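Submitted below is the structure of interest, expressed as structure tokens.
Labels A, B and C are assigned to the chains in the order they are written; within every chain, residues are numbered from 1.
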Amino acid sequence: MSTPAPVPDAEALLLRLAERMRAAVAFDAAFVGIYSGGAWLAERLGAMIPGNHPVGFIDVSFYRDDYSTTGLKSNSRRTELPFDVNGATIVLIDDVLYTGRSVRAAINELFDFGRPAAIELAVLVDRGGRELPYEPTYCGERLTVATDLSIVLSRDGEALRLAAEPVVR
Amino acid sequence: MKIAITDGRLVDHAGKLDRVETLYVAAGHIVAFGNAPDGWHANRVIDAKGLVVVAGLVDLAARLREPGFEYKATLESELHAAVAGGVTSLACPPDTDPPLDEPGLVEMLKFRARSHHQAHVYPVGALTVGLQGTTLTEMGALSDAGCVAFSHADVPLLDTQLLRRAMQYAATFGYRVWLRPSDAHLSRGGVAHDGEVATRLGLPGIPAAAETIALATILTLARETGVRLHVARLSAAGSVAMIRAAKADGMALTCDVAVHHLHLCDVDIGWFDANAHLVPPLRTTRDRAALRAGVADGTIDAICSDHAPVDDDGKQVPFGEAEPGATGLELLLPLTLKWAAEEKVPLPVALSRITSVPAAILGIDAGALTVGRQADICIFDPDSWWTVERSALKSQGKNTPFLGLQVPGRVYATLVAGQVVHGG
Amino acid sequence: MSSAGPPQGAAPSGGAARSAVWGGAASAMRNPQLDAHGALTHLLTLEGLPADVITGILDTAEPFVSIAEREVKKVPLLRGKAVFNLFFENSTRTRTTFEIAAKRLSADVINLNIGASSTSKGETLLDTVDNLVAMDADIFVVRHAQSGAPHLIAQHLNAHGRSHVHVVNAGDGRHAHPTQGLLDLYTIRHYKRDFRNLTVGVVGDVLHSRVARSLIHGLTTLGTPEVRAIGPKTLLPAQVEALGVRVFHDMREGLRGCDAVVMLRLQNERMKGALLPSAGEYFKHYGLTEEKLAMAKPDVIVMHPGPMNRGVEIDSAVADGARSVILPQVTFGIAVRMAVMSIIAANG
């Protein structure tokens, strides 16, 4: 087991991500954050990026592909999308992009609400290890992380923090 | 066949016998204790060291399911089960199909039972034709055919006028009448004791009053008519109290309890275990305590098995739809021993409840170890525990709420009329 | 397991010598609803379920409520799974809500109204179940007139190593209607939040009611300090207090200070069985009217499992009034059933 490596400062990455998005994102794109890290990011980005950006939150528990092995976790939250998904440009936001399965689940769920015009992906950290063909449109930073570690975003009051923790089996 | 049963603990409460001694059997009878008769030469020796030797058990209620219910059990399987359980004489209730209301049926049953050379069968005749509750049976003819008593099995006798007349008629000739107290209306639709457990399980209940009200009726009429009464299968504390009072008052009557009711209560239905669906139902812990005390102090005279083999199809259905009853011939002895140990009743007294006392109730010459008596004998190991499981039971009915549990008392050998019919 | 459950299952509980020699058959004593990890694999009754299992179901139901507001009212959780509605007792309402719930989980639903068919051909309950298992059933939703039928099925499945097949009790005799109990709990929690402060009155034919029994078990498990059973003696089961309720025969007194009132349906048969003289007399003593409801707290909620007999157990003014949450109960019912099916389908 490797010792937890120093991880970048979450607030700094958020600023970098916002800068990249500010330059390219559609004026009226909706920001949809995947609970819970993505949701916090979506809230912050909605305030940081000028334009008309409705902020929504998506819970992917019911669309995950590991339901039959891990079961249903009872702490699901409600998906809230305060805009019409039909014809919308959506930026899907998550804290850490890893295998890509959460992104697949989120996209499947979005399509059950309607037919978006386009979906882009914004992540704070891309740690590689993809098992599905998704790449971020906007990325805070690429990191190489040992497989026995998990990158976790947490919130302390208003401040966001990144940490590397051993994977809990 | 000359058989010596050596060094067993011979127990016969009525005969004040409780000592380790050898017992000698010849020509189907008990011929001596202790010292061999002159010129004795045994054909067979049964070493009963460490074992108890008692008269073959007498069971007041064992359904053999013939005629009519052969898919549940047959004479062959059940008589086999009886001797495996140490039972050498048993009374079978009249609720066969057709019911035992005609001499021909009774004779046929006795004949067929005899041909198996296992336990002795004493049929109890139906009190009314077809158990329909409207016309009296020919008790005289049935008596001659071999009926030892008359009962109405588990069929409710609604007409009190008829009940009174049946008792008067029986009393005229001295016939015995056995009745299970159960008020038809109060027990209608019920499948479990009407109490906390039935409430929680949502099962329609049979209140204890269904038994005590019927018992009051039976006792009143019996007192008036002077019939020789035996009350069958008590289940409620209130009933025990009524019997105690009646006996204290000088009334001559006997009664029995099914051995299951000495051990189980309504809680043992558990998760709707259809094997615990019995008639009368298992009642509360208080009722059970009263029954146990009742047998200990003699208010309740005999313990019986109330043997009722039911095929799997009859039990593997929802509780309320299941056929009531439990297989019991092979559990009569172990469960009696267990009750006795727990209630600290001396072994000879306990064994009398399943030997000499029921024999007297039946009016047969059995249940005792005396020189000259027919050699119906049960030899068992009181300290050997065994697990109740399907493969261990000889009865065709594997329906018992004791499945998977361990019981004390393994029958080593059973003799009927001086022949070893089981074990040895 | 709560202490209200059967103590030792199949073990005779007798005498001073209840010693180790009565051992054996331990597996018969374990709660048949829970798998080896203590997770819910069948839902047979609320009685004896750990409080956190019940709360977990309510929590899981919450997000399912909002699925009704989506354009595509489905999530793919049970895609590829087959849910068989085995209704031995007719009920269009309950069957329909289970069907909707299963379909919203993307499951395949097959409805079997067994009442008429198999049993009349002499096929036993368990034979029917075995045949359906052979047709790859994943979940059986069972309604039966006999108490204990779903338990029999679950025990049969457990005994034959079919741990991937699950049973949901949709109502068995008088015994239990756990999904109704859960949706009633959900409703109360939705409007009142904390069970530990509440007085809840259950009014009517408790004797014959599986709805009442399930709700009472749920409320007591979640710590409701006062649960009241209100009705005439003929409609209250033996020793009902042992379920943890306080009995009232006077409805006004029973309603005094209640936070929630649950009205039970009165069936016509009760008049025939000499339990009650007439519907009119019943309504006079135990029918819910505005006047009687005034005894309860001002913000009391009125519930009914449906279908209602207006003018018998409940007055139209109350049923359609501001305090009634009878319609939301139906919505919550679908979400709760979705939660139950998605939880059990993953366990076993």
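In this text, a contact is a pair of C-beta atoms (placed from the backbone, for glycine too) under 8 Å apart; a residue touches a chain by one contact, two chains touch by 3 or more.
Keep in mind that what you see is a predicted model, and the values were worked out from it rather than measured.
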*Give me the ID of the chain with the smallest distance between its Cα centroid and the all-protein Cα centroid.*
C
*asked:* Going by average Cα coordinates, which chain is farthest removed from chain B?
replied: A
*Mean-CA-position distance for chain C and chain B (Å)*: 42
*List the centre-to-centre spacing of chain A and chain C in whole Å, with centres computed as mean CA coordinates.*
40
*In whole angstrom, what separates the CA-based centres of chain A and chain B?*
76
*asked:* Touching at least two other chains at once: which residues of chain A meet that condition?
replied: none
*Could you pull out which chain C residues touch chain B in their complex?*
4, 6-17, 21-25, 28-29, 32, 47, 124-126, 144, 146-149, 151-152, 155-156, 172-176, 210, 213, 237-240, 242-243
*Contact residues on chain B for chain C in the complex?*
194-205, 207, 262-265, 267-274, 285, 288, 292, 313, 316-321, 338-339, 341-343, 385, 387, 401-406, 408
*Touching residues on chain A, where the partner in the complex is chain C*: 59, 61-63, 67-68, 70-72, 74-79, 108-109, 112-114
*Would you tell me which residues of chain C are touching chain A in their complex?*
39, 56-57, 59-60, 62-63, 66, 70-72, 74-77, 342-343, 346-347
